[in-house]
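The chains carry the letters A, B, C, D, E and F, assigned in the order they are written, with residues numbered from 1 in each.
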Amino acid sequence: MRSDQRNESSLRPITIITDFLQHPEGSVLIQIGNTKVICNASIEDRVPPFMRGQGKGWITAEYAMLPRATEQRNIRESSKGKVSGRTMEIQRLIGRSLRSVVDLDNIGERTVWVDCDVIQADGGTRTASITGAFVAVALAFNKLVKNKVISKMPVTDLLAATSVGVLPDGNEILDLNYQEDSSAHVDMNIVMTGSGEFVEIQGTGEEATFSSKQLQTMLQLAEEGLLTLFEKQREALGSIAEKIVKATSAQGEE
Amino acid sequence: MRSDQRNESSLRPITIITDFLQHPEGSVLIQIGNTKVICNASIEDRVPPFMRGQGKGWITAEYAMLPRATEQRNIRESSKGKVSGRTMEIQRLIGRSLRSVVDLDNIGERTVWVDCDVIQADGGTRTASITGAFVAVALAFNKLVKNKVISKMPVTDLLAATSVGVLPDGNEILDLNYQEDSSAHVDMNIVMTGSGEFVEIQGTGEEATFSSKQLQTMLQLAEEGLLTLFEKQREALGSIAEKIVKATSAQGEE
Amino acid sequence: MRSDQRNESSLRPITIITDFLQHPEGSVLIQIGNTKVICNASIEDRVPPFMRGQGKGWITAEYAMLPRATEQRNIRESSKGKVSGRTMEIQRLIGRSLRSVVDLDNIGERTVWVDCDVIQADGGTRTASITGAFVAVALAFNKLVKNKVISKMPVTDLLAATSVGVLPDGNEILDLNYQEDSSAHVDMNIVMTGSGEFVEIQGTGEEATFSSKQLQTMLQLAEEGLLTLFEKQREALGSIAEKIVKATSAQGEE
Amino acid sequence: MRSDQRNESSLRPITIITDFLQHPEGSVLIQIGNTKVICNASIEDRVPPFMRGQGKGWITAEYAMLPRATEQRNIRESSKGKVSGRTMEIQRLIGRSLRSVVDLDNIGERTVWVDCDVIQADGGTRTASITGAFVAVALAFNKLVKNKVISKMPVTDLLAATSVGVLPDGNEILDLNYQEDSSAHVDMNIVMTGSGEFVEIQGTGEEATFSSKQLQTMLQLAEEGLLTLFEKQREALGSIAEKIVKATSAQGEE
Amino acid sequence: MRSDQRNESSLRPITIITDFLQHPEGSVLIQIGNTKVICNASIEDRVPPFMRGQGKGWITAEYAMLPRATEQRNIRESSKGKVSGRTMEIQRLIGRSLRSVVDLDNIGERTVWVDCDVIQADGGTRTASITGAFVAVALAFNKLVKNKVISKMPVTDLLAATSVGVLPDGNEILDLNYQEDSSAHVDMNIVMTGSGEFVEIQGTGEEATFSSKQLQTMLQLAEEGLLTLFEKQREALGSIAEKIVKATSAQGEE
Amino acid sequence: MRSDQRNESSLRPITIITDFLQHPEGSVLIQIGNTKVICNASIEDRVPPFMRGQGKGWITAEYAMLPRATEQRNIRESSKGKVSGRTMEIQRLIGRSLRSVVDLDNIGERTVWVDCDVIQADGGTRTASITGAFVAVALAFNKLVKNKVISKMPVTDLLAATSVGVLPDGNEILDLNYQEDSSAHVDMNIVMTGSGEFVEIQGTGEEATFSSKQLQTMLQLAEEGLLTLFEKQREALGSIAEKIVKATSAQGEE
């Protein structure tokens, strides 16, 4: 039994609120346990300089925390005048992951700006960000399709992420909260597509190392948890989820 | 009649949700029309270097917008590596205003960090921030009193803010939304205490100037609107509001 | 009686030296009491990116102090690598104020850079900057008209600024020196046009608040002081001042 | 057959030159194929502020490339005034990896600064950096032991890293050069200890995703390649390598 | 004959106004031709961290130009957020030069901040800065001696600087104005003490090189010009100049 | 006799390795005593904005040290986020010097980026950088000529640099190592062309001043040392050196 009464393979309660804010093309509030992230997707009608003239689009992500999202207040990165290494790592991960399930050749020279703003943090903020951002991006592209800006849904598969780890007692667990994350010997984030392919695996054991056997157990826990996350995404997206599946099938037939 | 059917002296609907987030000592979500600001107050057990050893406390404020709080996405200030002049002006205003109704001599060497994060913007974000931040600060100090960290409520009066302006047609109006603010010839922010004293007056006419008579009309509109805002703050604070009034009376008797 | 023997409604001695430096299109040294500011106006034949193609001009201001303009040496902002919030507030105020009395539609796609460099500070540096910068801007535009770069004087009215405040003893005073400014409970800056319209009102009471009655007294003191400042500007500008009045009258007749 | 005539499971030629530079406590030039990295370990007799007073040590890493280490010249990060996200990710990875095989409790309040400077890049610079830096760190600690600054070798195991990936043709390969890395669909870096435990797994498929089966094949390729890298490290370290093994055994016996 | 009617070995007119500003311990306005520099010396009662506890003092210099000191307006370095290489070179030169004629062992743990602010530039701003700054520093130390903060004048010799160069026609000239400096093939700055010793020689020929013979001619021109500059400094310093000579003699006798 | 057994006019051993790295158009490792600098020259097919459209080329230099090139580790300038004044001075000096012996009118609109990275420092890093960078630049231009990108060798003369100084005992010496440089009273760097013309003279005496006689002795020592350095450059360049001499002669004949 874990401190919050879950067993090793349980996720925390998940809520995905769509159309959370008024202005963004796609806007989501995702809650996983006590972790709450606002994920907004904005469409800009141009691409960064290094991509101009290729007829392709781009997706870029930014991640931040409210200063008091955490137990102790953190200094705002705009006040420090620079973005931390941790933040950069996370925003690169989010962008890279989302790009793997979007057909960038079919969105024109557009940039999708994905903003993940953690308003409350209790572990797993980067995986919650990916899971929520995927929904926001799908909503935004759906709006483009509806407005006939692009002709078909360019999202090719579902995408979600979760964390797994090894506790000091050697037990592998799914979906670590902050307390667990702080004490875990191994921490691994898995990003996966709805069809079960890996997009990212990032596993690290700073205080400790991990064996091949532990790796396999963690991978299995993650895969199970991701099934539930995909289910929640499908519920949140409703009929839009079907368009994604169709996109995938259609593409597969080519 | 204004575009949203209000008359000149009407405020937009106001909601103040207290204890909005889990970690901050005081946390508020304030909504004024479509403007939504998360106001968090954090207590730190030390003061900035320039104040050490004086036995007094300090209140400092930070203000930011989510990149897509607005119709067009803004570049995140942490990415730009610096805080804009507008942001600095606003956070200096919020901090200064709050310090005018807190007895800094009676809170020990503590800093209250006030974070105002605009998640959706439709005009009046700085005045909504002040009005919401006041409630967050009162909640935070109330917690300190309850935990016997300090002996009595150091908040000496209510504090709220609103905007007034002059439309191109010459009409003075209260509580401008974004569309009105963009076209207004004069824009004025008024910060006032519950007992009707001015804390700040900032009036500016970039495209135009304003007469003494217009100034008086605007001041009157603001005062009326502020009565409603104080009422909403009292509702949100419940019995805590009474402690503030008492603090003021007790002080007045000295 | 005030520490420097003035009464409540007295300004300090004012000197405005025109053509102070050789290179700028308009150059002024303004002295108000012991406060000395070099105000230079430079004309650049293009506008900032956000204004290109509109056929209009722009005025932007920068403000700085020599490190030893003050009693204690301040760290140079170029060494700190960033401009303080106070500096930004002041330069935004100066630029906004000057734009209110210049017909930007009639100066072509040009930028007026206004540089206010305080070489000696004794209170009231921002209001002295505005008062001096106005003269520098008028000189610069006069040169453009003389050189037939633009066809008529685009300055539509005189513009000056002064400060008023409330001393701890409750007395309202005009034109605060540094010592008065440091102890004042309320500090208010008023920017006004030669025809008596308000351009900016910025009043703040950090240690204290102020009543409606005090506000009215301060406004009256400011208006009186400004009459003298306009007189000094007219003397400094000589026949150029008449062109401004004519410009205004002509415009009024349209 | 790969472009440089290697088969899927071949490493490129490896050279590790110890005591490469004169000043650092540990200095190594590692060459893997055409990739050349200078790895220096410097001992500083204090720890960062957040660790003071705990009696423990710390290891931190910095990574950089000469501007012309690459085919196209890159702008120097000191000229840009900030470190890129990629650089931060790599230096965090190097530091974290090294800390997993050093007993930080037994080195006193000291910081090991590890500088990895790539002078020539042909793929795999981060894994070469880790493999070379490990040797430099071992040399530096050996010097501390020899000088009786610390009583025993605090390095608890060998540590090396390599890359694996999936080519567009679907083949999994070991130790990608730059050309392979640019076209690979999946890129994975594995950091492992001499006793075969994982320290870090970072796998990413931006253009594509990867299956569970591909993951297993890549892990196996990496493990085989790492055996050779450990052998090269043992050769370079000579008798020092034995002290590390002994340290591990001794520790294991506790 | 040169464009301003001077012959090769003529200096431009020199004016040194002492006590130019009110707050600094030493304040000078130096004018050399159309070049005008405000030189302020400020005494701070502590030294930079790297010098603490040695019982010695330090002199550090900062140099800046008003944006419109020049024919074309320059961007303010505080706005750019960094100091240019040229500025750094000049302030290092000024500081180094002044330190060569001050007995830093006899001023206690104090820092002299020398601020050279060019308000109008017409060539030779760095040499004018050194010549003026020397006077400001002597005034500041004289105040310390008068106030019995230190027991004797620590300035050991006069110090001045001038420029020499080679025109495109091959003629060597003294004290280049901006127009000459722009076209000169060789530009050399010489800093010298009152007793004729070199402190700095910085000669550079970007477009061209220079021969040994040209070097000797330039050195001779500089030495002659410096005699006049020392005379102007003695006039400006009055009786203080004698204390410097005495300091030197007394020291010479030791 | 000096600490390393040299006499006053001896250079340390010099090695110049050409084609040191694979990617740069010109790449050199220069060793002077224990000082080792990698000098790379990269050709870019465009010039900086301020030079566009003039049909001319440009040479710019960057200089850096590995953090542990020195006895004590230095903070990396990319981590500090800014380049020091010393670094800027050195890179300006290197660029200026190289431009004096290259016919920039005959290289098209190209920029030569010269990167001098000190991997081990023992005094004289800036003069070693110039001497090595010259060879790298000549190699790079030779490649351009060979590839018929430009029609003839644009390098017009050899260029090398060395240091001279005055020890505390009053002796003038050539080619100071770090220990000598730290204690020297006067430090002078001389950059000269193969035909014996001066390009730069930078002499400074912070702790002390120097006489005209000392200056002449130092100049003579430098000239002698430079003869050896030119000889080493000729050896390293082989037949390319002859093309430079021819270029010069041909030019001289025009």
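To be clear about the criterion, a residue touches a chain if its C-beta (ideal position, glycine included) is under 8 Å from a C-beta of that chain, and two chains touch if they have at least 3 such contacts.
Given the structure is predicted, the values throughout are model-derived calculations rather than measurements.
The fewest steps needed to get from chain C to chain D, moving only between touching chains, is 3. Taking each chain's centre as the average of its CA atoms, chain B and chain E sit 52 Å apart.
Residue positions 81-82 of chain E are each in touch with at least two other chains. Touching chains close into a ring; read starting at chain B and passing to chain C, it gives B, C, E, F, D, A.
Across the interface of their complex, chain C is touched by residues 82, 84-86, 88-89, 91-92, 96, 99-100, 188, 193, 196-212, 215, 219 of chain B.
Those residues of chain D that touch chain F in the shared complex are 21-24, 27, 34, 36, 38, 40, 42, 44, 62, 64, 66-71, 73, 76-83, 87, 113, 115, 117, 119-120.
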